[in-house]
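Quick notes on the structure that follows.
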Amino acid sequence: MSIKLQELVDRFGGQLIGDGNVEVVGFAPLDDASSDRITFLTNPKLRNEVAACKAAALIISPKDNQIVGDQFAGVRIVAPNPYAYFAHAAQLFQSLKMEPPKPGIHPSACIDPTAEIAPSATIGPFVTIEAGARIGEGCYIEAGCFIGRNAKVGAGCHFFPRVVFMYECEIGERSVLRPGAVIGCEGFGFANENGVWVKIPQTGRVIIGNDVQIGANTTVDRGALADTIVENGVKLDNQIQIGHNCHIGENSAMAGCVGVAGSATFGKNCTVGGAAMIGGHLTIADGVHVTASSVVQSSIEKRGVYSGFYPLAPHRDWEKSAVLIRRLGSMRDRIRELEKTIQTLTEKTK
Amino acid sequence: MSIKLQELVDRFGGQLIGDGNVEVVGFAPLDDASSDRITFLTNPKLRNEVAACKAAALIISPKDNQIVGDQFAGVRIVAPNPYAYFAHAAQLFQSLKMEPPKPGIHPSACIDPTAEIAPSATIGPFVTIEAGARIGEGCYIEAGCFIGRNAKVGAGCHFFPRVVFMYECEIGERSVLRPGAVIGCEGFGFANENGVWVKIPQTGRVIIGNDVQIGANTTVDRGALADTIVENGVKLDNQIQIGHNCHIGENSAMAGCVGVAGSATFGKNCTVGGAAMIGGHLTIADGVHVTASSVVQSSIEKRGVYSGFYPLAPHRDWEKSAVLIRRLGSMRDRIRELEKTIQTLTEKTK
Amino acid sequence: MSIKLQELVDRFGGQLIGDGNVEVVGFAPLDDASSDRITFLTNPKLRNEVAACKAAALIISPKDNQIVGDQFAGVRIVAPNPYAYFAHAAQLFQSLKMEPPKPGIHPSACIDPTAEIAPSATIGPFVTIEAGARIGEGCYIEAGCFIGRNAKVGAGCHFFPRVVFMYECEIGERSVLRPGAVIGCEGFGFANENGVWVKIPQTGRVIIGNDVQIGANTTVDRGALADTIVENGVKLDNQIQIGHNCHIGENSAMAGCVGVAGSATFGKNCTVGGAAMIGGHLTIADGVHVTASSVVQSSIEKRGVYSGFYPLAPHRDWEKSAVLIRRLGSMRDRIRELEKTIQTLTEKTK
């Protein structure tokens, strides 16, 4: 289960400084790595721990290598993005440890005869797959998942236990749905008729791209008339709610507990911090970063970092407001003082 | 699968202007409808698109019909609430497309012999129904649902996959629970005894009325001593948390990610915007509308629209505060300027 | 199903004033209790209802007993913490009413042959238990739960329906997981490589202690390299998200909809109010109480009550800021008035 450093470099690139025959069994943090481990340096604050680091190998950026590379006793792999290098290499270590699921359909699963399951797919116990659904090659659908009629699941997808993937929805290749995720639930659409809410059928679908990851107990609603779209490479954390007719652009990522109201459109490469709330019917440009717990009530047209609550403001402006809110008491006192002084002055100059 | 316009008018009323024999296959947005579709006008901004609209038929209000009705080339249905008309008609179209579930109990379902299942109900695969539970006529309980002992489900209810409906809870007729909803979980009640939390048994139930809809992964806790009540016609979106002993009044609606702490009482016809948080042990009057992301920490006694964070304020007042927060920097600068001027004045008048 | 008051005192202590042979069938609120019930006084506002209370027995603190004890017609149990006494006694009443589950494995359950299930455990229908998992004595694993490979569940745990407990995670004794909870989902860790997110394998576990309770649809992520830790006695309400590598100290409690970002460390005996959001990589001292809907963006080093949004402040300071925000309009008006007066004064003194 160990890997030679030369093999890592052959797979993921980088410049090897030292003996490529050295073997490592996995990763460990820089300040806690034993001599059979590989580690990485990304945080400049940890540069001064490199000298004492006991790891067999260190992934390091060219810049950090110039500064502290000499101080490391083991083998170095110099690569431009050590954190991404770590991610790739750690995936390799994990794949060696994880036994791949055995293809086949568990006898307890309930599969409609008209569903098409690729021979290399693995279907776990108590899975329900309805009529006309299609499951691609190499998919792993774990225990208790539900896949509705005519849904399409691309090759290499992994549905963790208890995922609900509703009728007619589609997902691309290599995408991952975590436990309890609900995709394609009917959106929240009602017409008010004399105080009574009349349900508006939600006849759109959810269309999800390739390499998407959706977290535990996250919900993505199907569209009302059109579809809800989640583009390639999007990553959604746990407990997120995406309303009907939203469109999430390529490689955008959202942290836990975010809510996105209906018909919001996100550009590419956006990030949304945890528990931020995005209003409906608005448009967010490419490359927008909304910080945690912010509330976005109107469209954002320029890339940049945005923070704060109603009204949302560019991050720096919000920080100023936040400081000023704490000083409100002193501002009030200064106004009082001014009023007194002026009262005195006014009387003097009468 | 097409419907004659005359049939729509026979079912849902409205004044037909044009040929009732024209057939339509479904709805489409006003600006994107082909000639086999019906559409509707509710947004005044779209009035100027009526002339170019290619739909076979248009649902329009009497007022809009006077303004732009003539410009529409197809058949008109004039009705006082086009959006509600759309909702009813779209439900009809959907019912034609959806094959109704076949009554009967899936052989894999685990049903206690003392449970009573109406003959016209449909019970899906891997459903668990415990002792003494009762499922009404025409219910559709989808795959993987759990219904606890002595629970009562009224006629015509639809539980989507993986709903948990706990022991002794009750739900009326035609109500819908979406995937992953958990009804009747024990509420969060503990007594603190020297730093250790002692569980207080939650012996109340959840009682839900008719025509209620509850969203995906939403949780409604059972009461501590008394019951948690959700009245007729209430609509709850996804990922909402309703604490123990809450009482939600008739036809109130809440958008996604709302949290309601224990023992809160809502009147009738309230709405709560997405991600708003409602404190416990407070009372909200009939007809109160809380906007998205607001935090409600005290009771609201008058109908109206409320917004903002701690302290909550009527919407207009909050908007003023929000603007003023952005101007805090300029206010501080003006105070500084005043202080300087007064310093000068004071010296002059010495 | 009734209990003699003497038996309560034998089990839970307290000073009996009156006839210990009186029997009660359960609890009721002080103002609504019939003569076969026991009740308790904790809220000072209810002291003046003691005289009219019809309950057979009253649990009362020594102090309240001195003030209003004489006014109560029935039997009194004087105990230092009537609320905790109620919790213990109510658990006893509930245990008499609830039929204990019958040990054994439901024939529909899917248990790997290498899993070890204690003979006294109860495994419900459609439960999946993977290879190497261990389930302790007296556990009750309800319908549809999933327990991953090599997971360890201590004695006396209760998993409500549809819990997901992932591979290699561990939980101590007498802990309770409510419906839809997901423990050990892979955390949200990605490295950005030229705009594309590369998954970082989450190789840590979730380790949960004894007497922990976790609410419905709550999610606790497994650690990235190290483990996520939930210590003994922690209580988490519904719909909470705990990020990877968090550490929640003993007997801390969090109300519904709280979010805790990755690598946050909580001390012992903390409480977090509903929907509060805790940022990542910060440390919260023992005995910190964060009020509902607050946003915590930096570490808290001293015990105490904290409230508010960015910037978080001690509760009293925040209340002042909140009041001042409402007075911003008047502050602006006073500044304007000052400016005018000074303009006049300046001209006069020229």
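Chains here go by letter, A, B and C, matching the order in which they are written, and residues are numbered from 1 within each.
Please note the rule applied: a residue touches a chain if its C-beta (ideal position, glycine included) is under 8 Å from a C-beta of that chain, and two chains touch if they have at least 3 such contacts.
Everything quoted here is computed from the prediction, not taken from an experiment.
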item	value
Arrangement of touching chains [line / ring / star / complete / other]	complete
Residue-number overlap at the chain A/chain C interface, same or different (half cut)	different
Distance between the centres, which are taken as Cα means, of chain C and chain A, whole angstrom	27
Per-residue overlap in chain A, given as positions that touch at least 2 other chains	108, 126, 144, 162, 180, 217, 239, 257, 309, 325, 328, 331, 335, 338, 342, 345, 349
Residues on chain B engaged by chain C in the complex (per definition of touch)	108, 110, 126, 128, 144, 146, 162, 164, 166, 180, 182, 185-186, 188, 190-193, 195-201, 203, 217, 219, 221, 225-226, 239, 241, 243, 257, 259, 261, 277, 279-280, 295, 297, 309-311, 313, 317, 320-321, 324-325, 327-328, 331, 334-335, 338, 341-342, 345, 348-349
Touch list for chain B against partner chain A, complex	26-29, 81, 83-84, 86-88, 90-91, 93-94, 106, 108, 124-126, 142-144, 160-162, 178-180, 213, 215-217, 233, 235, 237-239, 251, 253, 255-257, 268-269, 274-275, 292-293, 307-309, 318, 322-323, 325-326, 328-329, 331-332, 335, 338-339, 342, 345-346, 349
